[in-house]
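Have a look at the structure below, then the notes.
Each chain carries a letter (A, B, C, D, E and F) given by its place in the written order, and its residues are counted from 1.
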Amino acid sequence: MRASQRNANELRSIRLSRGFTCHAEGSVLVEFGATRVLCTASVEDKVPPFLRGKGEGWVTAEYGMLPRATHTRSAREAAKGKQSGRTQEIQRLIGRSLRAVVDLSALGERQITIDCDVLQADGGTRTAAITGACVALHDALSGLVRSGQLAHNPMREFVAAVSVGIHDGTPILDLDYAEDSSCDTDMNVVMTEGGGMIEVQGTAEGKAFSRTELNALIDLAEAGIARLIELQRAAVNGD
Amino acid sequence: MRASQRNANELRSIRLSRGFTCHAEGSVLVEFGATRVLCTASVEDKVPPFLRGKGEGWVTAEYGMLPRATHTRSAREAAKGKQSGRTQEIQRLIGRSLRAVVDLSALGERQITIDCDVLQADGGTRTAAITGACVALHDALSGLVRSGQLAHNPMREFVAAVSVGIHDGTPILDLDYAEDSSCDTDMNVVMTEGGGMIEVQGTAEGKAFSRTELNALIDLAEAGIARLIELQRAAVNGD
Amino acid sequence: MRASQRNANELRSIRLSRGFTCHAEGSVLVEFGATRVLCTASVEDKVPPFLRGKGEGWVTAEYGMLPRATHTRSAREAAKGKQSGRTQEIQRLIGRSLRAVVDLSALGERQITIDCDVLQADGGTRTAAITGACVALHDALSGLVRSGQLAHNPMREFVAAVSVGIHDGTPILDLDYAEDSSCDTDMNVVMTEGGGMIEVQGTAEGKAFSRTELNALIDLAEAGIARLIELQRAAVNGD
Amino acid sequence: MRASQRNANELRSIRLSRGFTCHAEGSVLVEFGATRVLCTASVEDKVPPFLRGKGEGWVTAEYGMLPRATHTRSAREAAKGKQSGRTQEIQRLIGRSLRAVVDLSALGERQITIDCDVLQADGGTRTAAITGACVALHDALSGLVRSGQLAHNPMREFVAAVSVGIHDGTPILDLDYAEDSSCDTDMNVVMTEGGGMIEVQGTAEGKAFSRTELNALIDLAEAGIARLIELQRAAVNGD
Amino acid sequence: MRASQRNANELRSIRLSRGFTCHAEGSVLVEFGATRVLCTASVEDKVPPFLRGKGEGWVTAEYGMLPRATHTRSAREAAKGKQSGRTQEIQRLIGRSLRAVVDLSALGERQITIDCDVLQADGGTRTAAITGACVALHDALSGLVRSGQLAHNPMREFVAAVSVGIHDGTPILDLDYAEDSSCDTDMNVVMTEGGGMIEVQGTAEGKAFSRTELNALIDLAEAGIARLIELQRAAVNGD
Amino acid sequence: MRASQRNANELRSIRLSRGFTCHAEGSVLVEFGATRVLCTASVEDKVPPFLRGKGEGWVTAEYGMLPRATHTRSAREAAKGKQSGRTQEIQRLIGRSLRAVVDLSALGERQITIDCDVLQADGGTRTAAITGACVALHDALSGLVRSGQLAHNPMREFVAAVSVGIHDGTPILDLDYAEDSSCDTDMNVVMTEGGGMIEVQGTAEGKAFSRTELNALIDLAEAGIARLIELQRAAVNGD
């Protein structure tokens, strides 16, 4: 039993609240326990320069953390005048994960930007962000279908993400901040509804990990992501 | 009757939700109608260089807007690498307004930073921010008293702010975005519980305004701020 | 009697020297006592992106202070790599004040940039800048009329600005640096020739100010600005 | 057989040239085929602020690419005024990989910075950089032992890295630029001499990858890294 | 005879107006014809980090140009967020030239910063700046002697600068903007009162120059600088 | 005899290695003793905005130094977010020197960018860079002739550069770092094959220099550059 009273293979309490803000074409507050990320999808009739005139669309993401989303206040990136390497890594990961499940040709010359802003952080903000962003993106795409701008929703399947790690020698699912800070290996896995892997990013924070441990972690992640995708489906069908 | 079904002297529906996030020493979600601003207060045991060793504290504020808080997406300031002039004006205003009601000597060598982040914008974000920030700051100061770090709360009185403007020739209170975009004069007023004025910032967007109009606007603001301060009191006493 | 040997309602010695530099379409050195600001107006046949193709013009302003315009040297903003919040506030204020008195449709697709550079500072640089900038802009517009590019001068009326404040309990006009540093309330007022108010920005530096004080300050400012506009008229008619 | 005439499990021609430049405490030119990266190790008697006074050392890395290391010229990051997200990701990865094999307490309050500058790029620059950086770091640490500043070399074991990918359905080792640009899955693996995994970063560029494919890729990487570490050992023992 | 009605070896009308602004320890408006540069010297009781505790002083310079000092408006460097290469070259040149004639040990641990701001430009701004800066610096140093902070003025001799160039095949002295824009070779020479050369910077803008031409240019510069130094002496002795 | 065992008028050992890297249209590693600079020439079918549609080409240069090219590590300019004044001065000098020997009209609307990156520094990096850059540029231009894009090579003559200085009272040629750090006068001279001077930049680091010394320095430089140009010719004819 973990400090959080969860079993090794147990997700935190997950919530996906659609329509959290009113202006965006998709707006989802995703909660993985105390981690809360606001994901908004904004549709624009333009594409980045490298795609102009090709008839294809683009999906990109930006990530930010409110200064006091964390235990101690971090300096505001806008005030420092640049985004950290961590921020850039995360937003590139979110963008790649979403593009992997969207038929960009079917999207037409449009860009959808997903903003993932962490209101409260307790570990796993990037995996929560991917999971919520997928629903926000789905909502934005559904809107384009509803308004007749697209014939069908170009999202081929859902995508979700979860963290896994080796804590005190035991592989565990969906680490909170306390677990994340003290684990030996930390891995983020992004998978699709069909079970395909999109990203696997494992890092030994302390001692190196073995093939056996790698396999155990991926087993945990597969099951966790399957459950997350059920919850995404339920959230979307709830309307 | 205004498009929003409000009387000229009527505030929007106001909500002050304390404890909105869990890490900050004060955390208030303030809503002026559809305008929603998250105000967090962070206490640190350090002061800016110009105050070191003087035994005095400091209160400062930062302001930000999520990229899709607005009707169309704005570029993220962290990505652009600088804060706009508007952002800097607003955060300086919030900081000055709060310092006006705090006895900084009684605070000791501590800095309290109030982060005001707009989750959803519908006009009046700066006045909502000041109104919510005052409660977040009060909560942080109360915490210092509760933990024995301060003998009494160094906030001398409450402070709140509201916008007023002349719309189609009529002075109105607490403008929403639609009203703000089409009014001739826009004024932000910051006042204390005791009725003292802290800031008066009036701007003729279209035609110039007269002394008579100035007086009518300040009358409206005085009444509106009195009501806002009642709501602040109620929010704080609610615990 | 003030330390500067002026009465409470007395302006400093004001000078408006036109043609101070030779390249700009308008070039005015404005002096409010020891405060000296060089205001140049530059006409360009282009407008900002948001106005392209609309047949309208634009007036904008930039503000700077030479590093040793002040008692002690300040770091050069170009060397620091960014303009302070104060600089941005001031240049936005100057731009708004000037646009309020110009018929931008009559200007055609032209941009006029007013650069206000403080050569020597002794309080009231922003109000001196507005007052001088108006004359530089008028000269640039007159030039466009003289050269046949405009049928008439699109400046509808003159605009000027002055600071007022409460110093030792007494409302006074046109504060110098020493007065500004030790006053309780500081207010900048921008008004037109016709007596319309364009901007009123009052800030309680120390204790809050009352409605009565607000009224006294605006009375002082009205009279001071009327006098400044007489001096602008005289300067322009002097050629 | 691949376009490069290599078998699926064959590394490119690898060279590790020590002492490539004269000033650095370690200086290695690493070549993976046509990819050439200069790795220098610089020892400084200071540590980052978060480690001061803790008696521990630090190892960090920076990464850069000469503007014409690539087929077409890329803009110089120093001229653009910021490092790309890709650059930051890579330098963070190199730093983490090296720290995983060094006993930082045994290093004392010293920082070693590894600069990895790509002189010529043909795919796999980050894995070549890690492999070369390990040797440069080893040389710098040996120097500290030789000069009596350290009692023993605090590098616990060697670390190397290689890329693997799925190209036309086949898992292949050590991708060159042409293969990297057209593969479906791209994975970078960092492992130690003892066979422990430090980093596994797999990304589906096109279609998602399966568990079976993941396993095949890691098998390839394990063998490749074992060979790279033999070459590191040989290079170090060559003096 | 030149377009400006000057002989080949004739300086423009030169003016050195001391005490041009009131706050700086030295303040000189230097005019080389229509080129006008304000040079202020600011004394501070601190030195740059590399000199701390060495008992020596430092002299440095910064250079700027008001946006409309020139025929067409240039973007403000503070707004662009960086100083151009040209600005940096010039301010480094001014600083080196001044340090060459000051006994920095005799100055004590003080820094004097010379700000050279071009109010109006008509060619030769850097040479005018050096010539005026020398007088401003001398005044600041005299002030330190007068107030008893220094026993004697640590400026060993005066330094001045002038431009020379080959225009239509003829070597000419002190080029104005029109001459500078159309000359083949442009050279800036900095010399001391004793005839020593501090800087010689010659550039072929069009065709290369010969040894004979180089000699002719330096002859012209020597005579011009001798005259400038007489004028510096006269200006300083005028008080 | 100098510390380096060279005569006063003796160059260091010079090497020009063409084809040092494989992607660039010209790629030369130039060595002046232990100073090693990689010069690559990149041809692009575009010109800077001020030349568009004029049928002329452009040659420009960028300069950088690897962080550990020097005795102690310098901060990476890309990480600091800006290029130093020194870097900008040098790259402007290289660009001007190369443009002086190229017929830009004959180049057509193409830009050639020469990147000069210092791999190892031991004094004279800017003069080595110019000397190597000329060969890289020549190779790129020859390539355009070979591929039929140009009828003839638009480089009119070769250009090279060398440093000279006064060290312990003696004029010497081609200073290494130790000599450069302790000399009184440091001069960089850029000359063409035909003996024309392109740039002469002399600086008194310590005491001023006389006309006699200036002449002696230029004599040394003329002879040194003649020898460098022989080596350039030999390198180019070697293929």
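In this text, a contact is a pair of C-beta atoms (placed from the backbone, for glycine too) under 8 Å apart; a residue touches a chain by one contact, two chains touch by 3 or more.
Fair warning: this is a prediction, and the values are worked out from it, not measured in the lab.
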| task | Spell out the chains that contact subunit E while also contacting subunit F. | result | none
| field | subunit B to subunit D, fewest steps along touching chains | value | 2
| remark: Rounded to a multiple of 5 degrees, the Cα superposition angle from subunit C to subunit D is 180
| Chain whose Cα centroid lies at the greatest distance from that of subunit C | D
| Quick one: subunit C and subunit E, Cα centre-to-centre, how many Å? | 33
| Between subunit C and subunit F, what is the separation of their C-alpha centroids in Å? | 51
| field | Length of the line joining the C-alpha centres of subunit B and subunit C, rounded to whole Å | value | 28
| remark: Each of the following residues of subunit E touches two or more other chains, namely 81-82
| note | ring walk start=subunit E dir=subunit F returns E, F, D, A, B, C
| task | Would you pull the subunit A residues touching subunit D in the complex into a rising list? | result | 82, 85, 88-89, 91-92, 96, 100, 187, 191-192, 194-204, 207-211, 214, 218
| note | In the complex, subunit C touches subunit E at residues 21-24, 27, 34, 36, 38, 40, 42, 44, 62, 64, 66-73, 76-83, 87, 113, 115, 117, 119-121
